[in-house]
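Chains here go by letter, A, B, C, D and E, matching the order in which they are written, and residues are numbered from 1 within each.
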Amino acid sequence: MSTANGKIRSSAAEALAEGRVTLVLGWRKKDFWWQSPVAFVESAAEAEQLTFDPFSVYNPVKYLLEAAGCHEKVGVFVKGCDSRGINRLLQDKRLEREQVLIFGLPCSGMVDPVKIRAAFPAPKICEVARDGEELLVRLSDGQERVQTADFLLEKCLTCRHPNPVVYDRLLWERVPVRSGVDALRFARVSSVAQQQIQERYAYWTRQFSRCIRCFACRNTCPACNCRSCIFDQAEPRWLGKASDMSDTLNYQITRAFHVAGRCFECGECERICPAGIPLQELNRRLIMDIDKYFGPYEAGLAPGDLPPLGTYRGEDPAGFDES
Amino acid sequence: MRRTGVFICWCGSNIAATVDIDLAVAAAKKMPGVVFADQNKYTCSEIGQEMIREAIRTHRLERVVVAACSPRMHENTFRKTVAAAGLNPYFLEIANIREQCSWVHKDKETATDKAIALIRTAVAKAARNEALFASELPIERRALVIGGGIAGIQAALDIAENGFVVDLVEKEPSIGGRMAQLDKTFPTLDCSACILTPKMVEVAQSEKITIFSYAEVEKVEGYVGNFTVTVRSRARSVDMGKCTGCGDCMLKCPVKVDSEFDLGLIKRRAIYTPFPQAVPNKPAIDRENCRWFTAGKCRVCEKVCPAGAIDYSQEDELRTEKYGAIVVATGFDPKKLDNYGEYAYGKHPDVLTSLEFERLLNASGPTGGKILRPSNGRPPKNVAFIQCVGSRDKAKGNPYCAKVCCMYTAKHAILLCEKVPGARPFVFYIDVRTPGKDYEEFYNRAYEEFGATYIKGNVSKVFPDGEKLLVRSVDALSGALVELEVDMVVLANSVDARAGAKELAQKLSITTNAYNFFNEAHPKLRPVETHTAGIFLAGTCQGPKDIPETVAQASAAAVKVAALLGKDSLLSNPTVAEVNEKLCTGDMSCLAVCPYGAISEKMLEERRGRETVRRKVAEVNMALCQGCGACTVACRPGAINLKGFTNEQIMAEVEAICL
Amino acid sequence: MRYSYYPGCTLKTKANNFEKTALRTAGALGLEMVEVPEWQCCGALYPLNTDELFPLLAPVRALAQAKEAGHGTLVTLCAGCYNVFKRTNREMSRNGEVRRKVNGYLQEEYTGEVNVLHYLEVLKKEVGFASLAEKAQKKLTGRKVAPYYGCLLLKPRDEMDFDDVENPTIFEDFLRALGAEPVDYPYKTECCGSYLSMADEEVAATAVGRILLSARKSGAELLVVACPLCRYNLEEYGRELTERTGGEASLPVLYFTELLAEALAVGSETYGEEK
Amino acid sequence: MPVTREGFEPLIVAFCCNWCSYAGADLAGTSRQTYPSNVRVIRVPCSGRVNPGFIIRAFQRGADGVLVAGCHPGDCHYHSGNYHARRRFTILKQMLDYLGIEPERFQVRWISGSEGAKFSAVMNELTENVRKLGPNRKLRDAR
Amino acid sequence: MKVTADKVNSSLVKEVEEISGQKVSACFQCGKCTGGCPVVSSMDIFPHLVLRFAQLGLLEELLHSKTLWICASCQTCDSRCPRDVDIPKVIEALRLLLLRRKGGNRLHPANLSDRVRADAPQQGLVSAFRKYAK
């Protein structure tokens, strides 16, 4: 762990010192044990605050949209999921590869504070640190060890690319892909899909009824990188202002459609959603259909290729009655 | 809100009988922005159009909605009308309340409701119409004719006649097409070669026309006035420059294969010209059968060629050229008879197709023009002619009538009688169809003068019986069973679209009907145009036709081409895509789906705060854009829009149509 | 390979040598024919009227039994049964309304899933004529055989799609595999009069006459069939004809399986062995 | 629109491409192939021009069924518009189904300019099916 | 035999189309059915005329015709019909019109020939009784 931080800080400092980059995006510790938000480091000195701990879950990539504009070259630390975000931006021509210096961080999963709190309700938690396969939980009254696996974030349990898929330097050894990931990946989608249509409608409207249209899902999503989002446009007004189910469905359908074939499953939309709407279940449903109809495709792996909805094959099957 | 005028047409009773016009007018008057609404018996009439122009002036109309027939009918008419009154033609909208309302609905009340909804929708769209201006496009003054049969030949000659350069592409080693295979032509019985070959020579001699024989169209890009076409000339293995057409090679070549031109009735060599009067009269080596190419030995033709024209090393040649217009004249294929085992074709040598019989009649054919039974080389006495083989047969053939069989069968009957004294033609028909100048008279001669026996009955089966053929049928008129022993059976097999017509249609992005014949733009009023501007049709590739019709259509196509190439420039379609650079992210999703390569990246310099930043945005080439709008949907932020069909307009239509 | 086998009424009585030879040859070729338990009549004819359902029930029940028996494929010998089953299947799989109504009368739903094959098809598709040729040690060399298809195997064209309606070849290929020489004659697909022989013998006799004379004329010394009724008609009226024409039209009629048995040398009381 | 099952008259919005399906609709007219007046056509240049947003908006504003009709695959006047449409609407239709919105309400069909009969047949069929489904309440907005 | 307006498209014709599922109006009288019919020489009204009579509503004539009982349903005709008319089905329909009437049966076990009694295969008997009796 500390070695990890060491490596991060030194490589960031080095890159800044040598002037190879003028800004580095990583994570730093904030007020609480469960917070490791994105850090913007512009000098070797500041690099000391960088940290990579079980809560460095935020995807720093989206900040590149702004950063790359005002910096010649930006350094960025990426986990496997984050790195696919880089490819997302490259594929969307929102970023040039040479604009970024990428430090790859193989990642065996981020920890879910909720699960930790559930396990340690009473005593005050001071710090949660990784120690090999285990987590070291420092409590106000002593410390405990637990198996990391039991406390991972939902989204990390289904991660098929824990190792960065694009980078200039890999800071440490690759980690293995979790076993049984593929089985889990579409499990939730399937269980919903198996319900009767009325049940599905009830299920989704129940979920969406909590949506307050705060747009957090859109704002955190590296695939939602338009300069100006249609949801913010007045003429034509694609999305009504009324907060009724009709417009919520309109919003959710459109959002999902816009990331169809582009979503690389970082799961931030769902994690960040204040209403706890299972957005991954919708995104992944679209991934399933794309695999089924247009052939298996994983976004964020090859920035060169065209996304499934940007191309076609004459012999494509149709998901509707073509008669 | 735009000052809008609504003009509702009765179209006589076509609309007025099903739609309550008064009610519609009253409703229209209440629609947002509508300051004037009125009705007219025939809005497309001069009076009707004057009413529009008048109203535009007196009521200072800014937008015009005409509720009448389909925009595909009169949109241009009314655009001119509003333009004449000083409005931009694209301020016009049409509500289609005839084809899509009064003609398909019965109940007056609901039809009226719908008509009003359609008008409301058109008004809503019109309010968001913007002035559009066509820009001028250059025209490439050169035409491409695909297919060197009589249709292509006639079209090429007429276009050249009008002073334009023409490239004529022919798949076979020689032009001439099907007509070259025919003997005499109905109803005049003048010999096909005698009237065709002079035209072939004329083509060869014209400085304006270049023949690309043994060649096929590979790729077509661009748009009216500016097509870019790639033609593949197959390796002929003969140097056209050196070859004198002496023909020695063809005499000495040791390989004999079925002659396509003579439908396998005789052999040709591996180095060959399809027929003696071929143009160009220079052979090609058919590499599938040439011993040098198949077995790596021989080279006889090379040895005997006095001009040293043989060149085994030749390769296919790809040539890309720009054209202003294209005429498609690829002709037809005679129907294959696999589904018609009952006629014993291929089982008994004396069962022939009509084209094979045509070759027997032909002086340059396998029998030197003598009608002889392939089985024993003796002239037939009784010959059964079976019509509608694979035509008018929805069960296992073509449901349509092949149009030419009745006439050429009458011709065959007559020629049989002329050539074989004492021979007796028996013609089995379902109906005899002879519309055409002097056609009926010609058919009359077949049975009056020449004594052909016409039997109204479709032959059910031909029973080979040793030397003879037993033909079983019925005479539907008398109700008598027919059991006829004949020496020869001639099958009038149907006219199919060319194999590969569908693929060519896709290259040209023109459409075909269910049987792969190319579609004309309008069955009556635009019979030689296609839906793709600048591409025209001639001859049987559009549907079964006889020679006079084919020639007429070819000349018509030529006139259309000449009219097009005669223009100084073309007005571009102004309903093209347009980028809103403020919204454009520059991710180029639009570029990925553009079928015309009309979208490109462009660097934008804009001030942000103090410094100027550069960013990528999409840019549309108005000349290349055809206005499909695929880009508008690919663009997530809706930054690229389609003029004339903007997001705003369509959204407004949706809102209005659902009210 | 296991198949459900449907004999049908006639193969247990009049045409039992059809069945015997068929099963014997099947055995020799390693094909296991499991007779459908308590099979019931297929109805002999496919109902041509579309306004009532019950004529369809018999064949559907028979097929449903085969389905229960559980081998995906049902093999028939009698061309009649084959015709009825194939058309019934087609109707049941294509016509939703009929399917719904018919299934109203069944315990277990049937939707045309049983694959119906004629024994000839089994020989062609599953055994393969090439390997059949190898297995047939006792070649019928020099035997000029006229294959007689009749109607039921081939027609209606689009419903049966067994072979080319006008120029079928499966029989010829079969005979060649056995080393025999198939003779081609234009009447091989012409109707023998079918059930008319039960009521209006004149008509049947005429039909048969044409067939035999034509086969004879093209040098056949023997005629093979795949249908008991065809055989009955051809034999009965053939005999008469022979008497009338003084032997001119006399042609022995055999089931194709009898020739097969002979060629595979699994013994059969056939013309071939009598010689 | 009345919403009792009995008296219920569905509203069907059909986006038709100008080159094939709109022409097919016109042909249905010229050959008097009748279909219910519930169907209302919006003319677009190509099925590839139809934005899913239009479809959702139609449902929001009270359409009970939406049809997108274009040229048959391979016949697109613009080469590939209908191929892109086929991918987009394959996804959209599955998504609606997944969200519990009857997929039958949204249809995509290929109707050529020579298929007037097919146009009216499709319209009759679609109207009947949607009539059976009853009014669309799931996507319809408050107004 | 006379064609009158009331015969054409009479309810009886509709009944034939109902039972057979065939549209008699589809036939354009090419005669291919008749030409190929193996038993046509014993028919009094030829197959193509059966369709013609039906088109014109001459049902009585048809119902008295020998043809109905001659057709062997071999389906040679419909496998060649360019108009996709299943003539045997039309003839079957006419047969049924009669068979369904009281005492409409055409074949009684009593009058089977000795030969048939002796050797006929079940297949033939079952078929015959399905065709000639109800």
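Rule of thumb we're sticking to: contacts are C-beta pairs under 8 Å (C-beta built on N, C-alpha and C of every residue); 3 or more make two chains touch, one makes a residue touch a chain.
In this text, all values refer to a predicted model and were calculated from it rather than measured experimentally.
Visitor: Once the contact rule is applied, which chains count as partners of both chain B and chain E?
Guide: The common neighbours are C.
Visitor: Which chains end up grouped together through touches if chain B is skipped?
Guide: A, D | C, E
Visitor: So using the touch definition from the top, which pair is joined by more C-beta contacts, B-C or A-B?
Guide: A-B
Visitor: Specify the chain most distant from chain D by Cα centroid.
Guide: Measuring from the centre of chain D, the most distant chain centre belongs to C.
Visitor: Based on CA centres, what chain would you say lies at the far end from chain E?
Guide: Centroid comparison gives A as the farthest chain from chain E.
Visitor: I'd like to verify one number: the distance from the centre of chain A to the centre of chain B, where each centre is the average of its C-alpha atoms, in whole angstrom.
Guide: 54
Visitor: Indicate the whole-number Å distance between the mean C-alpha point of chain C and the mean C-alpha point of chain E.
Guide: Spacing between the chain centres: roughly 25 Å.
Visitor: With centres defined as the mean C-alpha position, give me the chain A-chain D separation in Å.
Guide: 37
Visitor: Cα centroid separation between chain D and chain E, in whole Å?
Guide: Going by mean C-alpha positions, chain D sits 46 Å from chain E.
Visitor: Multi-chain contacts in chain D: which residues touch at least two other chains?
Guide: 52-53, 57, 74, 80, 84, 88
Visitor: Tell me, which residues of chain C touch at least two other chains?
Guide: Where chain C meets two or more other chains at a single residue, that happens at 157, 165.
Visitor: In chain B, what residues contact two or more other chains?
Guide: As it turns out, chain B has residues touching two or more other chains at 342, 396, 461, 593, 634, 647, 651.
Visitor: So which chains end up touching which?
Guide: A-B, A-D, B-C, B-D, B-E, C-E
Visitor: Which residues, counting only chain C, touch chain E once they are in their complex?
Guide: Chain C reaches chain E through residues 8-10, 13-15, 41, 43-45, 48-51, 55, 78, 80, 151, 154-157, 165, 189-191, 193-203, 206-207, 210, 227-229, 231-232, 236.
Visitor: What residues of chain B sit close enough to touch chain D in their complex?
Guide: It is residues 70-72, 96, 98-101, 103-107, 110-111, 113-114, 117-118, 121, 502, 505-506, 509, 511-514, 519, 531-532, 575, 593, 595, 626-630, 632-634, 642, 645, 647, 650-651, 653-655, 657-659 of chain B that touch chain D.
Visitor: Any idea which chain B residues touch chain C in the complex?
Guide: 340-342, 344, 347, 396, 461, 463-466, 470
Visitor: Touching chain B in the complex: which residues of chain D?
Guide: Touch list, chain D to chain B: 11, 13, 18-20, 22-23, 25-26, 28-30, 32-37, 40-46, 48-54, 57-58, 61-63, 71, 74-81, 84, 88, 112-114, 120.
Visitor: Please name which positions on chain E make contact with chain C in the complex.
Guide: Listed in rising order, the residues of chain E that touch chain C are 18-21, 38-39, 41-42, 69-70, 72-76, 78-79, 86, 88-89, 92-93, 96, 106-107, 112-113, 115-116, 119-128, 130-132.
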